[in-house]
Structure formats: structure tokens, C-alpha cells
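Look at the two complexes coming up: chain A is in both, with chain B in one and chain C in the other.
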Partner chain A sequence: MWQIIKNEWQFLGRSRMLLGISFAFLLILVLAVFLGSQQKQKQSEAYQTAQKHLRQQWENIDAMNPHSAAHYGTYVFKPTSLLSSLDEGVNSITGNVLRVEGHVQNEIVHSEASQMQAISKFGKLKSSLLLQYIVPLLLIFLAFHSVSSEKQSGRLKLLVLQGAKPFQLVLAKTLSVWVYGIALLAVVVLVYGLMNLQYLNGEVLGRTAFFFLSYALYYFVVSGLTVFFSARWQNATVALTSMLGIWILWTVFLPNMLMSSVEKWHPLPSRNEFQAAMKEDRSKGIDGHNPSDERGKALEKATLAKYGVDSISQLEINFDGLRMQADEEYGNQVWDKHFGNLREVLGKQKQTYQIGGLLNPFISLQNASMGFTGSDNLHHQAFLVQVEHYRRGFIKTLNDEHAFGGSKTGDWGWKANNDFFKSVPDYQYQPAALATVLPNYIYDLGLLFFWAIGISFFLFFGAKKMSIA
Partner chain B sequence: MKGFNIFLYEWKHFIRSPFKVVALLLFVLAGVYGLHNGASLYNEQMANLEKIKERSEQDRQQYISYYEEGKKGPDNRPWIDMTTPFWSIWYSNTYHFKTPSPAMVYSIGQAEQYGFYKRVTFRASPYDPDMTNEIANPERLQTGTLDFAFALVFLLPLLLLILLYNIKGMETEQGFMPLIEVQTASKSNWLLSRVTFYGALVFGVIMLLLAYGAMLTGVFALASQAFGQMVLLALFYLLFWLVIYSVILVKGKSILGNTLTMVGVWLLFAFIIPATVHQWVSIEKPTNLMTDFIDATRDERIELYEQSDSVIMAQLKAMFPEIKNSPVAQDSIKKKVAMSESTTALFNELMKKSIAKVEEEHQERNTLVASTFWFNPVSFFQNRFNYVAQTHFANYQEYRAQIQQLIDQQIKVLVQDVWNGVEVDKDRYLEYGDKIANID
Partner chain C sequence: MENFYAMLKATNISKSYGNSHALKDLNLTVQSGEIYSLLGANGAGKSTTINMFLGFTEPDSGTVTIAEKDATKQAAETRKFIGYIPENVNLYPYLSGIENLDYFCRLAGLKYSTGELQDFLTTCGLQSEAHKKKVSGYSKGMRQKVGIAIAYAKKAKVYLLDEPASGLDPLASNELSELLRKLAKEGASILMATHDIFRAREVCDRIGILKQGNLVKELKSEEVTANELEQLYLEYMKN
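Let's look at the complex of A and B:
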């Protein structure tokens, strides 16, 4: 079998056209990795400048009432992950700026896609675009006449007479084409590694390894299926057009149709409905800005009892701060309920879409690619949750300062000093660890393995029925 | 007559090629599916707008009842006084909508990236967080919705490829070419007639699909011009691909070679060039993180409000010279309140300056994209389809401009009434509805 693979490679190596295409394509791949890294670097610089600017403004607050500071708030910018230069995933669609303030959990806004007219329906020139759409096409072009040409030239009969088993033959043909895909993939990963040598760590290497594995499995599926068609049909053109049809169906039709259907099966609320429901639930809680609010009065009563005094003027602390925090905590329950529901629906949509991998391995590949590069919606949601946790801690610190920092109830003119504002920690992004997110993509990987095994069976039984003449 | 015969033979050839027939049917299926997706979004947005109008009207009736019952505002918010222009205009419940065009059935475009309804107040801005997109799955937005424009822009070239790939190549490979040359006299005319046949067939199918789409959302009745523009654009796009493929067929010698070249050209125009341009634009003009806008909404705003009364008053007088001799300007106690309520006008100017910078950057980015259209035809056509369907970036930019205009109008009325000491009653409240909800 190794001899067949070797012969196949020697044959491919003699084709000047293939060498030319391969060289040009390698250049495009390297260019894609380079441009991806350039963009990532520029984005990171812009992100750091903006974050530093905002932090400076916060640390420069000379003196301010803590609740005014909660309204002043701060902003978190969505950081780019190192691997997003390979696959940008949803990053250009989701917003980049998230306002962190009191009383409300905001939504992320100002996406890249909203800042210009439409350009590319399939995204930027990232490695993922080439690896997902173009490399499989190259594999199809390499494999579609690999067996049929042997049949037409009569070499197949000769090979069988010399002792080669049909299965060995089709497997060798598959592997020789597959190795070509693997070589292109390896170039991408190597160039990417070399360009980001200083950032490489176990986490990045682990994610890159799974990224590599997902593509390797998909390329085996594409190569194997094309060789299978080439073996089954006498006419190479039929094999090519069939595979082109499958490629269109897998990469263009099915992902679009399934994703649209999934959103209909698990519908998300409209923004208007979502906001109205939250407003309704929010109105049932304490109104931090309204001293005559009944629930606020109940809290006042409980606080007076706790401190053993008769009126809030006798309190050593500032009751306004406590009321604001109680208001926040009620609000947090409301946000958890409504944003939690959204995440649940999005989770169901993701799971249903992943099942689509049974029909279309491209779906599994896309999910795995975005997932392992940390640029899918699950990672985006994890970032939003992280920022919300930060917001809660941030606002609680301000409310605690308001309540226990030395002011008395109703003293809205009281101001915390600069030392306090400097002591409030800045937001630090914690990238999701591979070990924690891996279970989300086991299904995608499993389906890719399932497809690879299935294709091997196809090749095995297909080879048995292959006409040698 | 010869041409007609070629058309007739080509028709027979077509109906005897199951692969080609299936490809055409799949295209029709994708087109119909895309049209229904467009219609579904159109209906969804219209239904959403109806709900908002209904809720807004309910709230408005509630506010009107305060005037009828002699109340100043809601019982649980004692600080609200709706007899003052400030609170009355605040509760005028002015919404501005980007009503979808029925032509959205053809191209969803960028409609899912922006908000299409906005409550306009004198403190609002066209870049408020509620101007962001509807709640949607980002992975679905990233994958893109299969709308009719998608079928046209990306699948039409593939359909043509399948219909044309073996023209001439098959005859050459089977050795029929000399016979054809004898029978048709001109090889070029024969090839052109065959390509024209498929061009006409596909154009007919597109016309039928466009007409079907028009019936789904009432394009003929509500946006008939859009139908004509779509027909013309689709025709030009079809011709663009027919010319490219014809050149390949004329120059090519084998089915395989022609197919590979056609696929290569499709990949180049549909994937590689737009993706490279997209990447280049992102590097040249990275995403605006809106720090200027943030500065205007926070620090510059604080600085504005911390200015002395005399400075604020001078700025207000420069903007609204009529307040100088207004009744409230002569009353020192009322003047203080009026100034505080009018400072929002100065803040609005501040915001407009920062927005101008943001929009200038957007404009530069779009100019950069447009400068590539001469070698990036797919993006050009895609944007033209969006423009006809009013789902283009520029349509939403226009919507933002309208919102800004309404904010300006609201502020003008607010300042005039505050400084004239107007006491708002039901009639005045109703007048506000007309004065500030419609663009002058």
C-alpha cells in the first residue's frame, strides 16, 4: 500500500499544474495567516489603548459620590483571542463594547459588521475560510479521477493482477490525497506557530492540536468520499460533478438552512418583548432611587431593627447604600432569569445545530473550528457572564463604600476619595480553559470520527463491488 | 431559423440531462426558500412595529388621562410634573421606525445588524445601545441567512456553471466539432446561441421568482420601482457571469479544464477577493471602539454640567437667541430651572460632534470598500441588491440621521417652551405628538 501512495505522490509531483496551484495556494495560506496575525495585533493594540484610557479616567476620579460613580461606570472591550487569527468565528458579528454600570446589565454593542457596508458573505481571508471551503475543493479535484483514470488506462487491472487488493488500492488513493490536505493544514499551523512563538503555551498548543485533528478528520471524509465516487462510477466527470454537488450542499446550503430552521424551532424573544418582560419583573423589586417605595420601606424597617435604632438618622451607616445594593441584588435575579433564558435558548439552538453534523460533517467541522479557536458563541457567552460577574462585584464595592464609607443617610454630597477609586480592581479577562470547554465539542469531534469511520466502511464495501475492467 | 433550431435542440438536451434539471430545481428551491426567509423577516419586523405602536398608544392614553384627571404624573413618582414642558415632552412617547421595505423579501442584507425602532427623547442619541440589532444567534448571523440575494449572488454562478460546463468541451472530446462547424457555419454563433438559451432560461426563472417574491410582501403595490430595479440588477449580474463563462468556453478545450476554470473563477470572485478585501479593510480601518463617543457621554458631559451658570447661559443664548428676551429669562428663580432643563441642548451638540467623527470614520471605511468594486464585482452587486431592498448600511445611516433630526426638533421645542414658561395641558401635550414625532 505504501508503494501505491509513494507512486501516487511521484505522479502528482510530476504535474506542473498541480505544483503551480499548490505553490500559489500555499502563498495564499501563508498570506491569510500573516494578515490574520496582523489584524489580531492591530485589534489588540486598539483594545489595550482603549482599556488603558478608560482605566485612567477611572483612576483619575478625584472625589465622587460612590453612587454617582456607579452611574459613571466603566466599559469593557471584548478582547481578541490569540487563535481568532485562524478562525474569527462570531467576533465580527458580536459587539465590542460593554458598558458596566449600576442598576442594569447592558448588552454588548458596536460590532464590526455594523460599521461598514457588506463585503464578504463568508468572512475575512482567515485560514479557516481557506481550510474549510477551498482545501476540500482541491482535494476533490485531486481525487475525482484517481481510480477512474486507472480503470480507463487499464492500470487497475494490472495492479490487481500484481496482487494489490482493491480496498488497499482505494485506501492508498484516499491517503495520498488526504496527506496533501494534511500538508497544507500543517503549513498553516506551523506558520501560525512561528508567528506567535512567544505566546505559545499548553493551552494554545492543546487547542491547536484539536483544531488540527478536526480538519484532518474532515479532509479524510472528503478525500475518501471522492475516491469512493471515483471507484464506483466509470465516468470521472460524474464523480466530479457529484462531489461538487455535495460540496455545495454541505458548505453553502445545509448550514444556512439548518441554522435558520434551528432559530425557528427554538425562538428567541424580540428585543422589545425581552426588555418589556425585564422591566415588568424589575418593577416588582426595590426601587433604589425612590425612598417612598414600599419594598424599600420594609428594608428600612429591617435595618432599623438590626441596628437597634428608631430612625435612619440614628444609623451610623448610610442606608441609601444598603437600599441601592438591595435594589442591585433584586435586579441581578431579574437579569439572571431573563439573560439565563436567552442563554438556555441559545444553548438549545447550538445543540440542535450540532446534531446536524449527522447529515453534514461540515457543520461539525465549523463548530469544532470556532470552538477550539475560542471564537464561537459559547465563548462569547462565557465572556459576557464573566463581565457580568465583574459588574456585580464592581457595583457592590461602590454601594458598600456608599453605605459603610463614613457618610450618613441622605448625604448625597459625600464623596469617596481617589484612593478608593484606585483600589477598585479593573476587569481582567480570563480566557476559558480548554479542559472546561472541551465537553462542548466532544459531540462535534465524535461525529467527525463517525463520518471518518463510515467513509472507511464505504471504501471497504465500495472496493469489493468495484468493477476492475 | 438556425438559432431557433439550436434553441430547440438545447431544450431537448437540457430536459434529457437530469443533473442540469435537478440543479435548476435546486436553484428554484433555494430562491423560494430565500424569498420566504426575506418575507418572514419583513412580516416579523412589521408585527414587532405594530406591537410597539400599540403599547406606545396605551402608554400615551395613560399620560393623557393624567391631564384629564388633573394629576401631575404617576402616583409613585411624585417628582414628575407633566404640566412642565420637560416632563411632558419626555413622556410624549415619540418612536421613530425604520419601516422595512416590502423589497426586503429579496435581500435581508444588513437588516439584522441594526435596530429598527427607537424611542426618541431629548437625551437620546442615534448611537444608543438600543440601536443595536435584534436578539439573534450570532452563529446564525455569521453563517448568514439564505435569502434570495444569496441565491442570486452565490448560487446563480454555480447554476450557470452546471448548465454550461460541457458546452463545446463534450463535442470536442467526442470529435463532433468538425460536423458542427459544417452544419452551423459559425462555431461562435453556435456556442453563443447555446449560452443564450441557458441565459434566457435562467433569466425567465429569475423573473418568475422575483414576481413570486413580490406577491409575498406586496412589492407591486408598495414598492414597484424596487421590482424594476431588481430585474435590471439581476439581468446585469446574469450577463456578467454569462460573459465570463462564455470566454472560458470559447478558449477552453475540454470539459474538465473548463469546469476547473469556471470553479476557479467563481471561487476567486465569490470567496477570495471579497474575503481579502474584508481582511484588508479591517487592518486599514480597525473596528471603532467608540472611545470618543464614550468620552463625550461621560467626562465631557460632566465638564459641561460643571461649567458656571454664566458660561452655560452664554452658550444657550448663542444657540437659541430667542431665549434672551423670553419671560423666564427675566425671573431669576425660574431661570435656574430652565437652564438646567435646557443644558441637554448643549449636551446634544457635544454628542453630535463626537458622532460626526464616528461617522466620518464609517464613511472612510465605506469609501475604501467601494474603491475595490471594480475588481470585486460580487460585493458590488451584493450591496446594490441590499440598497434596492433598503437593507444597506446607507439606509440605516439615513435612519440614524432622521433620529438625530427628531432629537434636534424635540430639543428646540423643549427650549422654546421652557423659556416661554408654557404650562402644558392636554391640548399642548397632543400638539407635541405632531410637532416632535414627525420630521419637518
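Let's look at the complex of A and C:
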């Protein structure tokens, strides 16, 4: 079998046209990796500068009422993961900047972000565009006549007479085309690694290994299926047409059809519905800005009892701060409830979409690729949750200062000093560890393995039935 | 080679494709050291017969053996003895003659030195200047020679040739005839399907005329002149 693979590679090595195409494509790949890496670096620098600037602004607050500071708020940035320039995933849609402000939580849906799976990659020169769409096309063009040309030329008889077994032959043809795809993939990963040498660590290498594995499996599926068609049909054109049809079906039609169906099966509420529901639930809580609010009165009563005084004016603390924190906490519960529901729906959508990998390995590849590069919606949701946790701590710190910092109720003119603002911790992004997120993508990897094994069976039984005479 | 009693034998073989009978009760034997030519028009069943000996086509009835081994059921074994030269030997055009020979030999599990490979090519009539040239620049005759060298290097005991001289110039055709005689002298059994009556008469020991799947006549080539053979062939074709 090794002899056949070697011979196929000699063909690749000696065909000027193929060498030219390969070289040009490699240049484009390297360019895409370089541009992606540069863009990521620039974006990172811009975020760091902006984050630093915002923090400086925050720390330079000379004196300000804490509640005003809560509305003044800040912004947090999601540092783009090192690998996200290989696959941008949903980042271009969700963005990487979130506002942190009192009473206001960030939404996850009701934007294009809800279309978390079927994201069109066309239009930009991205590594993922080349790796997911163009490399498989190249593999198809390399493989479609690999066996049929042997048949049409009559060499197949000669090969079999010399002792080559049909299964060996189709497997060797598959592997030689597959190795070509792997070589292109390896160049991308290698160039990327070299450009980001200083940032490489176990986490990045682990994610890269799974990223590589996902593509390697998908390329095997594409190469194997094309060789199978090439062996199955007498005419190479039929093999090419069949495979191009499948490529279009897998990459264009099925993902969009499936996503539309998934959205119908597990619908998300509309923005109006969501906001109305939130508003209704919120109205049952405490209005932090409205002292005459009934539930505010109940809190006042409880607080007066706790401190053993008769009126707010006798309190040593600022009741406004307590009321606002109570309002905030109620708002948090409302947000948790509704956001939880949305996450549940999104989770169902994700699971159903993943099952689509049974019909279409491209879906599994896209999921795994975005997942392992940390650019999918699950990673974005994790970021949102982190930011929300930070926001809650941030607002509580400000409300606590408002309540216990030394002011009295109604003293809206009271200001916390600069030391306080400096003491409020800055947001620190904690990237999701591979070990934590891996279970989310095991299904996708499993399906890719399933496809690869299935294709091997196809090749085995296809070779047995291959007409040689 | 002398100890090897190579023999091609077809016993009562029939083959149909739908309603069309490709072969009807064909009986055929080729002894060791013998060259046998199957003459016949297109569709007479020549290629089907060869494909049966190659083990690629199974007869509907009857048996096909090579050295007493069933060519269908024991194809993996019988193929080890077979050298096959089709009408067009399509080699890998991006490889040289010697690289093609090396590749096909390695597939058969044979590793030869460059010198040995060159000897095989030279023995089969390919001039040494051509050995390292890419096959894309070879004539049909040169490719046939490499094809024969592949079978020769495999130490084939049986040579199956399907229209080998078709499209060859007279010189190349002559060289092929000489080569076949040489191989037969070394003990090989050679079965050749051809349209070329004169070449068949010149190079073969025995000739069989196939018509619509029937072996209508078998004769020794020494029994007839080329013209007589042509007359005989035409008569059978007309009737």
C-alpha cells in the first residue's frame, strides 16, 4: 500500500499544474493565517488599550456618588482566544465588548447571535473559510478521478494482477489525498504556532490538537467518499458531479435548512415578548428609585426593626443603598430566570443541531472547530455569565458603599472618594478550560469518528464490488 | 522454468451477457512453451476468454484453469503466474520506463536493483536511452515493451495478450513477435487475441478462430500459409 501512496505523491510532486495550485493555495493559506493573527493582535492591543483607558478613567474618579458611578458604569472586553483567528466563529456577530451598569444586564439573544450555528463564512479571507470549504474542494478535485482513471486506462487490471488488492488500492488513494489535506492543515497550524510561539501553553496545544483531529477526520471523510465514488462509477465526471453535489448540500443547504428547523422546533421568544416578560416580573420586585413603592416600604420596615429605630432618619446607614441593592438582587433573580430559560432553549437548539451531524459531518466539523478555537456561542455565553457575575459584584460594592460608606438616607449629594473607586476590582476574564468544555464537543468528535469509520466500511465493501474487467 | 508445466485450459466454458452469448462451450488448451492465437472479429469472445483466464470474468459454466488451478476461485494464486499485455499499455506518464517497471515490480513484492531493471527493459527490447525518459514521451511500441518487461520481471509463466500489435508499426510489431518467441522458448505459455492474421500465422504455434463465441476452427500455423489462413478466416466469417 505504501508503494501506491508513494506513487500518488510522485504524481503530485511531478505535476507542475498541481504544484502550482498547491503553492498558490499555500500562499493564500499562510496569508490568511498571517492576516488573522495580525488582526487578532491588533484587536487584542486595542482592547487592552481601551480596557486600560477605561480603568484609568474609573480610578481617576475623584469623588462621585456610588449610585451615579453605578450608572456611569464601565465596559469589559473579552480577550479573543489565541486560536479564534483560525476560526472566528460567532465573534464577528456577538462582538467582544459588554457594558457593565446598574440595573442593566446584557442580553444574549434577539440579535444575529441567536443564529449560533449556521454562520456564513463566505466573504472574508479567513483560515476557517479555506480549511472548511476550499481544502475539501481541492481534495475532491484530487480524488475524483483517482480510481476511475486507473479503470479507464486499463491500469487497474495491471495493478490487480501485480498483487494490489482493490481495498488496498482505494485505501491508498484515499490516504494519499487525505495526507495532502493534512499537509495543508499542518502548514496552517505550524505557521500559526510559529507566529504565536510566546503564547503557546498546554491549553492552547490541547485545543489545537482537537482542532487538528476534527479537520483530519473530516478530510478523511471527504477524501474517502470521493475515492469511493471514483471507484464506484466508471465515469470520473459522474464521481465529480456527485461529490460536488454533496459538498454543496453539506456546506450550504443542510446547515441552513437544519438551523431553520431547529429554530422552529425550539423557538426563542421575540425581543418584545422577552422584554415584556422581564418587565412584568421586574414589576413584582422593588423599585430602587421609587421610595413610595410598596415592597420598598416592607424592606424599610424590616430594616428599621433590624436596626431598632423608628424612622429612616435615625438610621446610621443610608437606606437608599439597601433599597437599591434589594432592587438589584430582585432584578438578578428575574434575569437568572429568563436568561436561564433562554440558555435552556439555546442548549436544546445546540443539541438538536449537533444531531444533524449524523446526516452532515460538516455540521460536526463547524461545531468542533468553533468550539475548540473558543469562538462558539457556548464560549460567548460563558463570557456573558462571567461578566454578569462581575457586574453583580461591582454594583453590590457600589450599593454597599452607598449604604454603609457614611452617608445618610436621602443624601444623594454624598460622594465616595477616589480611594474607594480604586479599590473596586477590575474585571479579569477567565478563559474556559479545555477540560471543562470538552464534553460539549465530544458528540461532534464522536460523529466525525463515526463518519470516518463508516467511510472506511464504504471503501471496503465498495472495493469488493468494484468492477475491474 | 523448464520444470514448470504451465498450461492454460478452458473446459466447456460459456458466458452470456443478457441475451447475448459471448462464449459457447469453449474448449481451449495452451501448453508450456506454446504460443496460441485467438483470431476473431470484434465481439467474437476473444477478450472475454482472456478476462476469464485473468480471473476478472467468471464463466457461467465450465472451468478455466492455469497450471491446474482454478482461475476464478484461486485467482490470487493464478495471477502470480500471469503477465498481461493489453492493447494499450497505459503506464504512469509522469514516471520513466524504469520507474514504472520498478513500481509494478514492487507491487508484486519484487525489489530489483537499477541494473536488473535495466536488464529487463533491454531484454524486452527497450533501448537504454529510453529507460530514464518519462513514459509520456514513449511511442505505443515502447510502452508495450515496458508492459512485457513488467510481466517478464515478474517471471510470468503465462502471457495473456489482448490485441498487442494493434497500432504498432511493422518494426515494433516484428520486435514484439521476436520477443514472444523468445519467451515461449523459455517455457512460457502465451495466449494472444488478435485481428492480425499474418502476425498470428508468423508468430503462433496454433491458431483458433472464434466466431460469435464458438471456437469454429483450430489449426497449427505450420499447416497453412498466411494466404490460406486468410481465406479460411474469411470463409468462416462469411458463413
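Operating definition for what follows: the second predicted complex is superposed on the first by the 448 of 469 C-alpha atoms of A that agree within 3 Å, B and C clash if a C-alpha of one lies under 4 Å from a C-alpha of the other, contacts with A are read in each partner's own complex, and residues count from 1 in each chain.
The criterion applied here is as follows: a contact is a pair of C-beta atoms (placed from the backbone, for glycine too) under 8 Å apart; a residue touches a chain by one contact, two chains touch by 3 or more.
A quick note: this is a predicted structure, and the numbers were derived from the prediction, not measured.
In the superposition on chain A, A:Ala50 contacts chain B only, with no contact to chain C.
Using the contact criterion defined above for the overlaid structures, shared-chain residue A:Gln3 touches chain C, although it does not reach chain B.
By the touch criterion defined above, A:His380 lies against chain B but remains apart from chain C after alignment on the C-alpha atoms of chain A.
Using the contact criterion defined above for the overlaid structures, shared-chain residue A:Leu158 touches chain C, although it does not reach chain B. Touching more residues of chain A than its counterpart among chain B and chain C is B. Of the two partner chains placed by the overlay, only chain C lies in contact with A:Arg14; chain B stays clear of it. Residue overlap on chain A between the chain B contacts of one complex and the chain C contacts of the other is empty. If you check the complex, the residues on chain C that touch chain A are 51, 54, 56-57, 79-80, 82-84, 86, 88-92, 94-95, 99, 103-109, 147, 150, 154.
Residues of chain B touching chain A in their complex: 19, 23, 26, 30, 33, 37, 44, 48, 51-52, 55, 76-78, 109-110, 113-115, 117, 127, 129-130, 132-146, 150, 153-155, 158, 162, 165-166, 255-256, 259-260, 263, 267, 270-272, 274-283, 285-291, 294-295, 298-299, 302, 361-362, 365-366, 369-370, 376, 379, 382-383, 386, 392-394.
Looking at the complex, you find that chain A touches chain C at residues 3-4, 7, 10-11, 14-15, 153-155, 157-164, 468-469. If you check the complex, the residues on chain A that touch chain B are 28, 32, 35-36, 38-39, 42-43, 46-47, 50, 53-54, 57, 72-73, 75, 77, 89-90, 92-97, 99, 106-107, 109-126, 129, 133-134, 137, 141, 236-237, 240-241, 244-245, 248, 252-253, 255-257, 259-260, 262-263, 268-274, 276, 290, 292-293, 342, 346, 349-350, 353, 370, 376-377, 380.
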